[in-house]
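Next come two complexes, and both contain chain A; in the first it sits with chain B, in the second with chain C.
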Partner chain A sequence: MFNKRKPSQVPHDAEKDAFQPHLHSRHRAGRVWLLVFQVSTLIGIVALSALLYNVANAAFGYAAIENKVDPASLSINGIPLEQLHPLDLTYILQEHVSEGLFRKFAREKPMEEYSREEIYDLVMRWVVQPQVVETWTLFDSLAHRDEIMRQAAEKYPQARIFFRSWLTSQFLTTPQSSKPEFAGVRTAILGSLWTILITLLFAFPVGVGAAIYLEEYTIDTPLNRIIQTNINNLAGVPSIIYGILGLAIFVRLLEPLTSGALFGYVKDATTANGRTILSAGLTLGLLILPLIIINAQEAIRAVPGSLRQASLGLGATRWQTIWHHVLPSALPGILTGAILAVSRAVGETAPLVVVGASTFITFDPDGPFSKFTTLPIQIYQWTARPQAEFRNIAAAAILVLLALLLTLNASAVLLRNRFSRRL
Partner chain B sequence: MSQAVISKNPYVFEVRDLNIFYDDFKAVTDVNLKIERNKITAIIGPSGCGKSTLLRAFNRMNELVPGTRVEGEVLFDSQNLYAPDVDPIEVRYRIGMVFQKPNPFPKSIYENVAWGARIHGYQGDMDELVERSLRSAALWDEVKDKLDQSGLSLSGGQQQRLCIARAIAVEPEVILMDEPASALDPIATLKIEELMQELKKDYTIAVVTHNMQQAARVSDYTAMMMLTGDSRAGTVIEYTDTKVIFTMPKDKRTEDYVTGRFG
Partner chain C sequence: MNKLHKRPRRGEGFIQGFLFLAAALSILTTVGIVYELGKESLNFFTRQMWENTNKQIVADVRPEDLTLTINSSGSDLHSGEIIKISEEIMQVTAVAGGQVTVARGLQNTTPGAYNAGLDIFESRRVSLVKFFTTTRWEPQIGNFGIWPLLNATLMTSLMAMLVALPLGLSIAIYLSEYASQRVRSWLKPILEVLAGIPTVVYGYFALTFMTPLLRSVFGKGVVEIYNTAAAGIVIGILVIPLVSSMSEDALRAVPVSLRQAAYGLGATRLEVALKVVLPAAISGITAAFIVAISRAIGETMIVAIAAGAGPNFTFNPFKSAETMTGHIVRISGGDLSYDSIDYNSIFAIGLVLFVITLGLNIVSQRVVRKFREVYD
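Showing the complex of A and B:
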C-alpha cells in the first residue's frame, strides 16, 4: 500500500492531504458499482434460466396414456396388432369406424395404396385412440418418480405410464390436429419459413437500398432530416399497428395481388381473400424495414470516408465506389442488422393475427398464395386451450421456435464471418 | 478534353482568379498561379490557410463536400476544369491524388493497383501494368512475393507507396499529393521524397506540405499561402522558385514563416 510510506517522504501541502481520505471512498464507490453490475447480470441469467426451466418442464415428463380400445383385444389369432397384415388392419379399421369416415379414407386414395404404416396409424388414431389422461412436469418426474407411479396406478389402472418427450420427430413432421397426441408443427414451421423468405426478399433489398440512398446520395436538408426522424420513430411503432396496416393495404386493398387472383392462381374460393403468406410476409417486411434501414445506415456510416475519397480520387463514379468499396466494407454490419431484424420477425404474433393467420390448417403451405400459420401463432393457440396436454405441445413448439431462431442466427453469423474474412 | 490537346504548353495548370467557398465561408480567395509541367510544385503555409482546398480544386475533389462553390477558372491544358461540359470523373482520371493518410483499399495489393485501371476499361496486360506501377512506386521488390495479401498488411510507408502505385496505374498526367508523408516516420518520408524525384520525369506533381524542409528538399517551385484581408480567406502571397522562397523571399510574412518566426 502506498499510504504505508511515511508522510515526511512526500512533500505535502493542505490540498494534497485531501487525497488520502478520499481514496478510500473512491475505491468503495467502485466496489459498490461493480456489485450493481454483477447483480444485474445475475438477474438476467436467472430470468433466462427460469424461462428455459419452464419450457423444459412442460416439454418432457411422465405421461399416463389410456387406450379407448385395448390393442390386445384387436389381435387376430394371437398375432399382435403391430405385426398384422395390412388387409387385416384394413378389416379392423372398417369394423370399428363409421362408414362415412371409412369412405373418407378411401376417397383420399384407394385402400390398397395405403402403406402398412399408414393403415397402422389410422387404426391407432381412430380405433385404439390413445388418450393422454395426465402429465407430470419434468421436475416432478425426476424428483418424485415412485410417487407418480403409485398415484397413476391407483387412478388409471388401464393406463400406460412412461416418460415421454413431447418434442419428437413425429411432432416435427405431422400437421396440426385437434388431438394433442397427434398434433405437430409441420405446417407452422413451413409457414414460418415461407413468411420469413418473403419478408427478407422484400425488406432486405428495399431497406439496404434506402440506406444507401440516405447515406451516400442525400445531403443534410430539413426534408431529409424529417425523413430520418420518421424512420427512427417507425422502428418503435407497436407491431399490432403494422398488422392493421397490413390488413388494410395487403389483405384488403391489394387483395387481387396478394391472393394470387391477378396471376390466375386461385386454388379454391376460400383462399382468395388476401390472407396469404404473401400478405403476412409483406406486413412483417414493413415491420422490420425501419430496423434494416437504420442498421444498414449505421454500417455504411462506419465505412471510413478515406476509402470513398481513394476511390473517387481514382476517377470512379459514385456507384462504383459504393458497389466496390462501401458495400463490401459495410456488409458484415448490414447482415448483423438483418439478422436481428429477422429474429424479431420470426417471433412476431400480433400483426399476423390481425392479417389473418389461420389457427387451424392441416395442409402444407405450397407458395406465397396459400393460407398459413406460423410457429408463434400455433404456440399462442395451444397455450389458450383448456386441456393440459396442449400446454405440453406448446412447450415443445417453443423449443422448435428457439431452435429455428438459433439456426437462422447461426447461419447468418457464419455467412457474415465469411464476408468479413475476405480481407 | 481530348488527349490531342497535350501541347508544348509548359504549364499544366493555369489558375485564374480562383475563389472557393464552403457555403458562405470564403476559404480561398483570388488565387492566380501557373504550374509547370514535369516539375514539383509545393504549397506551404500555416494550418487552415486553404492549402488542401486549393490542391483539391485541381481535380475537383472539393465538390464532394456539400455546399462547396468555386468561382474563377482552373485551366488544364487550356481547358477550364469547371466548364459545364467537363465530367469530374474524367478530371480525376487524368489528375490523380495521394492523400495525407495512407488509404489502400481493403483488398489485395494486386487489386489495389489494378482496380483503378480496370474500372476505366484498361485493355492491356494487367499483370504487366501492376508490376510497372509498383516498380515506379519503388515497391515492387518488397511486395512481389505477396501480391495476393491485403494492402492493409503493409507498413505505413509501404501503404503510402502502394497508394502512389495505385494512382500511377491509372496513368494520369498530374499527381496531387496532400501531405503525403505527414503520417510517416523519417525513413519512410525519405523514400517518398526520393520517389517524387523519380516520378517528376513522367508526371507533374503538386504537393501540399507542412514540413518546410521537405518543401525545400523536393520542390522546384513553392507557393506560400496565408490568410489575408478582412474575410480571413487564404491566398497565395508569394510564388516563385523554391530557392528564392527559402533564401530571399520578397514578402515579409513569407520570411517570418520560413524562418520559423511565425506559423
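Showing the complex of A and C:
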C-alpha cells in the first residue's frame, strides 16, 4: 500500500524527523477509526441476527396447555379419543355442546357428511377446548428445560407441557380464529396471493409500457422531463400516502367498480363496499409502479444501441425493433426488477390498513371483489394484541412471510445470474 | 420501387399512444394525491362543527322574528358568529344584553318556530392557525393541533437518524475504502436482506425485543411499554441499509486518481478516506441523509406497533406518543365513515406528511445537482 513507506526510502533525516512524531499518532488514529468502522458494520449484522433470533425464539418453544375437558375421560370402552369412530365422536359432540351449536353444525352440512378429521376437530375445539396458559421462548426451552418443567408442574398441575412449533402444517391450512391454538394463516396467504396477482396485472404492463415510452420514444420535451422527475419523486412518497389515495379513489370514488356492483357481482348488498382485494391490488400497483418503471428503464437502457441500429437499418419499424429485439434482451432485467418490486408489495402493511383490509376473515377470498386480509396485516393484528400466545403465532406468521419473500428474492437472483451472461 | 415506400402502420400509433398514457399515469397519480389530499383537507378546515354554548332561548321564537331572547349562562355570543337552533342556522348581527339580533335561515335552512328552552349551538371550525400552533389533538372535543403528532414523528425520526447516520456512513466508508472484495461479497447481501425485511416485522422486533431491552437497561419505571425510543431506534436500523448503500455509491464514484494523489503525498488510509474521498462525495452523502430522514418520517408500521396509541405532547423518548403516520393507521383501522371529521383529518395529516417528505426529496435532488463535484 501507498502509506507504508520503508524507513530506508525516506531521503533525509531532517524530513524524517519532521513528520516522524506525527506518524505514530496518525497510524494510531487510523487503527482506531478502522475499529469504529468495523464495529459499525458488526452492529448492522448483530441487528439482523437479533431480529431473526427474536422471531425464531417466539416461533418455537415449550407451551403449557390446559384442557377444559380431559380427553382421557372422553374415551369410550378404553379406546382413546383419536381412534374413535365418527359416530362415537358425533355422540360426544352432541353430549357436550349446547343444542343450538350442534344444530348449527348440522345446518352447515348433515352430520353424516362430516369426515372423521372434521368431527375430531370439532370435538377438540368445542369439547376438549385446549387453552395455552403459558409459553416459553426457544432459548429458555433449550437452556432451562428442567427449570421450566418444574415451574410448570407447580403452577399448572393440570396442564400438558410439550415442545411446540407454532409453525405447523395446520397453521398454514386453517383460517383465522380468535383462539391462538387454532388460528392459521390460510386466508391471509390466499389474500396476499390474490392481492399480488391484481397488483402485477395492473403494474407490470403499465410500468413496462411507461419505461419503453420514456426510453425509446421520448424526445427531450418539457412534458417528458416532468414525467421523469415526477416518477423519481413518486418513488419517495411514503406508502401510507398511497393508502390514503387508494381510500379516496378506489374505495370511495370508484366504489361501484371495486365493490363489483358494476358487474353485478354482489353477494350481499348490505355489506358490499369498495374495501376489496381489487382496491388493495390497485393501490399496491400504484405504489410499486415507480419502482417497476425505474428498474425497467435501467434494463432497457442497458440494451446496446447497436442492436436497435441493426434492426432499424434492416427496415424494421420502431415498434418491431422494440418488440423483437429490445424487449427480449431487456426482459431478464425487467423481470428481476418486477420481482423485487413485488416483494416490496408483499410486505406492505400500512396502505392496506388504510384501504380497509378486514382483520377477521374466516372464509377464503374467492375473487377480486372479496373482502380480504393479508399476511402482514395478520402479523400486525396479532402483534398488537396483549396476550403472549398471539406473539407466538405472529412470529410463526413472520416466518411464513419471510419464507415467501426469500423465495421471491431467490428467484430474482437466479433470473439475474441465468440471463446476465447473454449480452 | 413501390414496395419500398413506407407503409402507414396505424397500429404503431395506437401502441405509442398506450405507452404515453402509461407514462402519463404517474402524473395522474401525483395529481390524484395532491387533489384528494387538498380537497379533503379543505373540507377539514371549512367543516362546521357545532358546539353547545349552554345558552338557551328563553322566549318562544316565531319564523319572522329577528331578535332572540337568551339567558346568561354558558359562553358569550359575539357579533358575526354563526349559531344553530334546532336545524336552523343563523348569524348574530348584534348583541345587547339578553337580546340578540340575528340574520335567519342561512346556508339554505328555513326559519322555523321554536319553543323556549332550546339549546343554542355555536359554529366552530378547525382554523389553520390553531392546527399549526396548538399542542392538543383531541378529536372528540374538537381540538385539532398537529404538534403532538408532528412532535412524535420528529422524535422518532431524530432517534432514527442518531442511529442510522453514523452507522450507515461508517459501514459505507468501510465497504468502499477498507473492505476486500471477499468481505464485500457477503456483507452487501446481508445489508440487502436487512433492507428487504417488511416493516411490520421490524415493528414486531421493536415491541418484543427493543422495548424489553430498553426497559431492562433503564428500568421498567422509566420506560413505558409503548415508547418512541424503541420505535426510533428500530427505524434507524431499518434505514441503515438505505444510508449505507447510497453513501457507498457516492464514495465509490470518487475517481481513484484522487486517492492515488493523496497516497502519493503520504496520507494514511484514514486520511484519504476522511479528508479526500468523503469531502469529494459529500453531495451524494447529504442526499442519502435527506432521503433517509424522509423515509424515517414516512415510516408507519414500526411506530403504529411500538410507539403507542394516543397523541401525547412530550419530549421524553421513553413515553408513549402517537406519530402522524401511526395516527392515520389507527384512525383508519376500523370502518371509517366518509365525511366524518376523522376521515377528513387523516387527509389533513397526510397532506402535511406529503409536503414534508416531498420537500425533503426535492431538496436531496437539488443537493446532488448543485453541489456535485465533477471530476473528469
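The definition used in the following text is that the second predicted complex is superposed on the first by the 367 of 423 C-alpha atoms of A that agree within 3 Å, B and C clash if a C-alpha of one lies under 4 Å from a C-alpha of the other, contacts with A are read in each partner's own complex, and residues count from 1 in each chain.
By our rule, contacts are C-beta pairs under 8 Å (C-beta built on N, C-alpha and C of every residue); 3 or more make two chains touch, one makes a residue touch a chain.
Just so you know, these numbers come straight off a predicted model, no measurement behind them.
Chemist: Considering only touches as defined above, state whether A:Pro376 meets chain B (first), chain C (second), both or neither.
Modeler: second
Chemist: Identify which of chain B and chain C touches the larger number of residues of chain A.
Modeler: The partner that reaches more residues of chain A in the superposed model: C.
Chemist: Which holds for A:His324: it touches chain B only (first), chain C only (second), both, or neither?
Modeler: In the superposition, A:His324 contacts chain B only.
Chemist: Does chain B (first) or chain C (second) touch A:Gln309, or do both, or does neither?
Modeler: A:Gln309 contacts chain B only, not chain C.
Chemist: With both complexes superposed on chain A, which partner does A:Asn232 reach: first (chain B), second (chain C), both or neither?
Modeler: Only chain C; A:Asn232 stays clear of chain B.
Chemist: With both complexes overlaid on chain A, does A:Asp220 touch chain B (first), chain C (second), both or neither?
Modeler: Only chain B is touched by A:Asp220; chain C is not.
Chemist: After superposition on the shared chain, which partner residues are touched by A:His27: those of chain B (first), chain C (second), both, or neither?
Modeler: After superposition on chain A, A:His27 lies in contact with chain C alone.
Chemist: Contact-wise, after the overlay, does A:Ala210 reach chain B, chain C, both or neither (first, second, both, neither)?
Modeler: The answer is second: A:Ala210 touches chain C but not chain B.
Chemist: Quick check on my understanding: which residues of chain A belong to both its chain B contact set and its chain C contact set?
Modeler: 317
Chemist: Please output the residues of chain B touching chain A within their complex, sorted ascending.
Modeler: 59, 61, 64, 66-67, 89-94, 96-97, 99, 101, 103-108, 115-116, 119-120, 150, 152, 163, 166-167, 170
Chemist: For the complex, give me every residue of chain A touching chain C.
Modeler: 1-3, 5, 19, 26-27, 29-30, 33-34, 36-41, 43-45, 47-48, 50-51, 54-55, 58, 205-207, 209-210, 212-214, 217, 224, 226-227, 229-234, 236-241, 243-245, 247-249, 252, 286, 289-290, 293, 317-319, 343, 346-350, 353-354, 356, 376, 379-380, 383-384, 391, 394-395, 398, 401-402, 405, 409
Chemist: What part of chain C is in contact with chain A in the complex they form?
Modeler: 9, 11-12, 15-16, 18-27, 29-30, 32-33, 36-37, 40, 166-167, 170-171, 173-175, 178, 187, 190-191, 193-194, 196-205, 207-209, 237, 240-241, 244, 260, 263-264, 266-272, 274, 291, 294-295, 297-301, 304-305, 325, 328-329, 332-333, 335-336, 338, 346-347, 350, 353-354, 357-358, 360-362, 365
Chemist: Along chain A, where are the residues that touch chain B in the complex?
Modeler: It is residues 219-220, 304, 306-317, 320, 324-325, 328-329, 423 of chain A that touch chain B.
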